[in-house]
Amino acid sequence: MLGEGAGTGSGGQEMMHLGLGPQHPAMHGIIRIVTELDGEVIRKADVEIGYLHRAFEKDCEVGGYNNAIPYTDRLNYVSPLINNFAYASAIEKLLDIDVTERCKYIRTIMSEISRVCDHLTCVGATAMELGAFTVFLYMIKAREFLWELVEDVTGARLTISYGRVGGVKADLPDGFAAQATRAFKDVREVLSEVHRLLTGNRIFMDRMVGVGVLSREETIAYSITGPLLRGVGVGYDVRRAQPHWAYDRVDFEVPTQKDGDNYSRYLVRMAEMEQSMRIAEQALATMPGGPIQVDWEGRAVEPPAYVDQGKQGKTDGLLLVPIRLSPNLEGQERRKHVQVNADDKRVVLPPKEHTYGSIEGLMNHFMLIMEGYGIRPPLGEAYFATEGANGELGFYVVSDGTDRPYRVRCRPPCLPPLAALPRMIEGEMIADLIPTFGSVNMIGGELDR
Amino acid sequence: MGVGSFFTSKLDEALGWARKYSIFQYPFVTACCGMEYMATACSHYDIDRFGAGLPRFSPRQADVLFVVGTISHKMAPVLKRIYDQMTEPKWVVAFGVCTCTGGFYDNYATVQGIDTIIPVDVYIPGCPPRPESVIDGLMKLQDQIAVSAQRY
Amino acid sequence: MSGAEILSALRARFASAIVETHEHRGDTTVVVTRERLRDVLRACRDEPALGCDFLMDLTAVDYAKYPGREDGPRFEVVYHLYSLTHGHRLRVKVRVEEDDAVVPTAVPLWPIADWFEREVWDMFGVRFEGHPDLRRLLLYEEFVGHPLRKDYPINRRQPLIGPKT
């Protein structure tokens, strides 16, 4: 859908209208940019979005509070863990409950891994669109190392649904720290290779330096946050400004650059990946309630045998017997469950030992799962923000006291930069649109919701 | 069996064999599935082993339309137009459950399966499908291409 | 500034314009009248003590089915402001009736309001007076209705091509 007819004349000059998108090979994302060209120079641009509008906010109103978690995965599908946790934290704020320390650390670690994945994809895709295909292959290779970590923890590579209101789905698997250290080492190697390939590269710099500039004032007026804001020298980062989870207990820098061009954004992202890995490493090292050394004695029983014993009234000591859970539920055994979930029966499902082995546990489980019951925050509203990969990711939730959210609003971090995209590309060459579009890192799921 | 039909069936076989290993795909990437599409295309899973490594970013030069990700009603006319622009012979792969049925997006914005708009040859379910199932779907498509009536 | 200080500063200046204030779960909220909305927002942005330079979010809520609010003003337009210098947040809300769902635009104050307001118009059908180009943002022009209103059924589809159900 490229090149849709020539257009109007103005001032005696023929202007050409060129529509890019909604499906364009050099743009990763479905969006339509209608440009008005004077030769090769963009005089005017109009951005049209909404091609991936999937009614996220309406869908959230239909199910219970935890039912919205899978939808949040698919907002920013490059860093879904951050969305999960931000949404869960917004509901926790509404409920006024606090999660366990270990859970906060897990959220911090997994968010940072997600952020690295996001930046890897963004830088890789931008480089690919400029012809540096090698960088893309390298970056996706590095992302694959991290996805293996994510898969070990959550059971899925991409759409993970790992966050829960009041905690996380399961504890980290044994030996996670060692695995993470190994993956980070591999990622760092890839990053140093990419630095050698791109950072001083003449062609890359020609396309990036001084292109897509947005001034500091305009960036703020457009409420742009994230790497674009830090690219103009404003060190605003929600992790630093309003510390949540375990961000106040780790040491990290907020990298900034001055120029506000594509190259600055690239440098900010590259530096942030290193910082994210630093945060994750520190959090892994200082995490409370670390891996349990001694396992339970005795053999684990299968759930049906466990239920049978309970039915026969042999409940004495039953709750101390571990159950052999399906691999999907690994990390949710009682001893791990209490470490990562808030101690609040209104919100968190009981551990499976209780569900299978005691009537109270079963009731508790049903009270959270059954239609018309579930989590019921009191009347009210709350806004919770965290630093997504593209900037401030906020969830504004309104509760009407029932078991389903009355309104869920996601503040999409990549909408403001897209609204300002015409300001960045007007007056530049048509070819400059591609790196600029790459550097704003448009993610359809989050932009259009 | 006459000599003529012997030759045409052998020619069909040869053509089918050649076609199945020279798939030029058009990735119509819209959403989350695109991330897994990238993963499948890159070094870890390497779709090039199946002769499908080169995407053509013009529908006129592509054989297979990979519809990767949710199609909204706003996007549907675009998809139809891309499909119409492709030359015969052409195949369509529905990548991910949103393209197969609409997935869990049962709402006002989402097309409930792209087969309501264009014909589909292979469905790859999953949200998103793992690279292994993508490769499985691709191999199923190759089998279809190999045995389908060849036009020349 | 703390939430209480922000509220007292606003009360001192806009006593008559403030309908309601509350601090719930640490979020400071002020509900203002539509007539003075623009002045309140301007003051929030320009007064050095308030200094809310970011319009973080602009959205709306349809209260048509909210317990106790069925008869009241149907829509609430919600502004989330953030101050970079002071690090505080403020939520400003304005209530409008269904048959007079018009709010003055915030585009002259923050250019980003352009897209946010277009989205609210698209999803809720609340108009913004003075907006330079109030078109749908996410949906298409052929779409009838505003899907985030509580009376819009989630599965009422309006396809452009293909089967009509």
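Read from first to last, the chains carry the letters A, B and C; within each, the first residue is number 1.
Quick note on the criterion: a residue touches a chain if its C-beta (ideal position, glycine included) is under 8 Å from a C-beta of that chain, and two chains touch if they have at least 3 such contacts.
This is a predicted model, so every value here is computed, not measured.
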Taking each chain's C-alpha mean as its centre, the one farthest from subunit B: C
Pair sharing more residue contacts (C-beta pairs) when A-B is set against B-C: A-B
Distance between chain centroids, defined by C-alpha means - subunit A, subunit C (Å): 26
Subunit A and subunit B, separation of their C-alpha mean positions in angstrom: 29
Inter-chain centre distance, subunit B versus subunit C - centres from mean C-alpha coordinates, in Å: 44
Junction residues of subunit C - those touching two or more other chains: 139-140, 147, 154
For subunit B, residues that touch 2 or more chains besides their own: 74, 107-109
Residues of subunit A engaged with two or more neighbouring chains: 50, 53, 55, 58-59, 448
Subunit C residues within the subunit A interface of the complex: 24-27, 29, 53-57, 59, 61-62, 65-67, 78, 80, 84, 87, 89, 91, 110-112, 114-116, 123, 136-140, 147-148, 154
Parts of subunit C lying in touch with subunit B, wherever the complex brings them together: 139-140, 147, 152-163
Contact set on subunit B toward subunit A in their complex: 28-32, 34-36, 38-39, 42-44, 55, 57, 69-70, 72, 74-75, 78, 81-82, 104-105, 107-110, 127-128, 130
Contact set on subunit A toward subunit C in their complex: 49-50, 53, 55, 57-59, 61-62, 93-94, 96, 218, 220-225, 234, 236, 241-242, 379-383, 385, 392, 394, 396, 398, 400-401, 406-407, 409, 411, 415-416, 418-420, 448-449
Complex contact set, residues of subunit B against subunit C: 73-74, 76-77, 80, 106-109, 111-112, 116-117
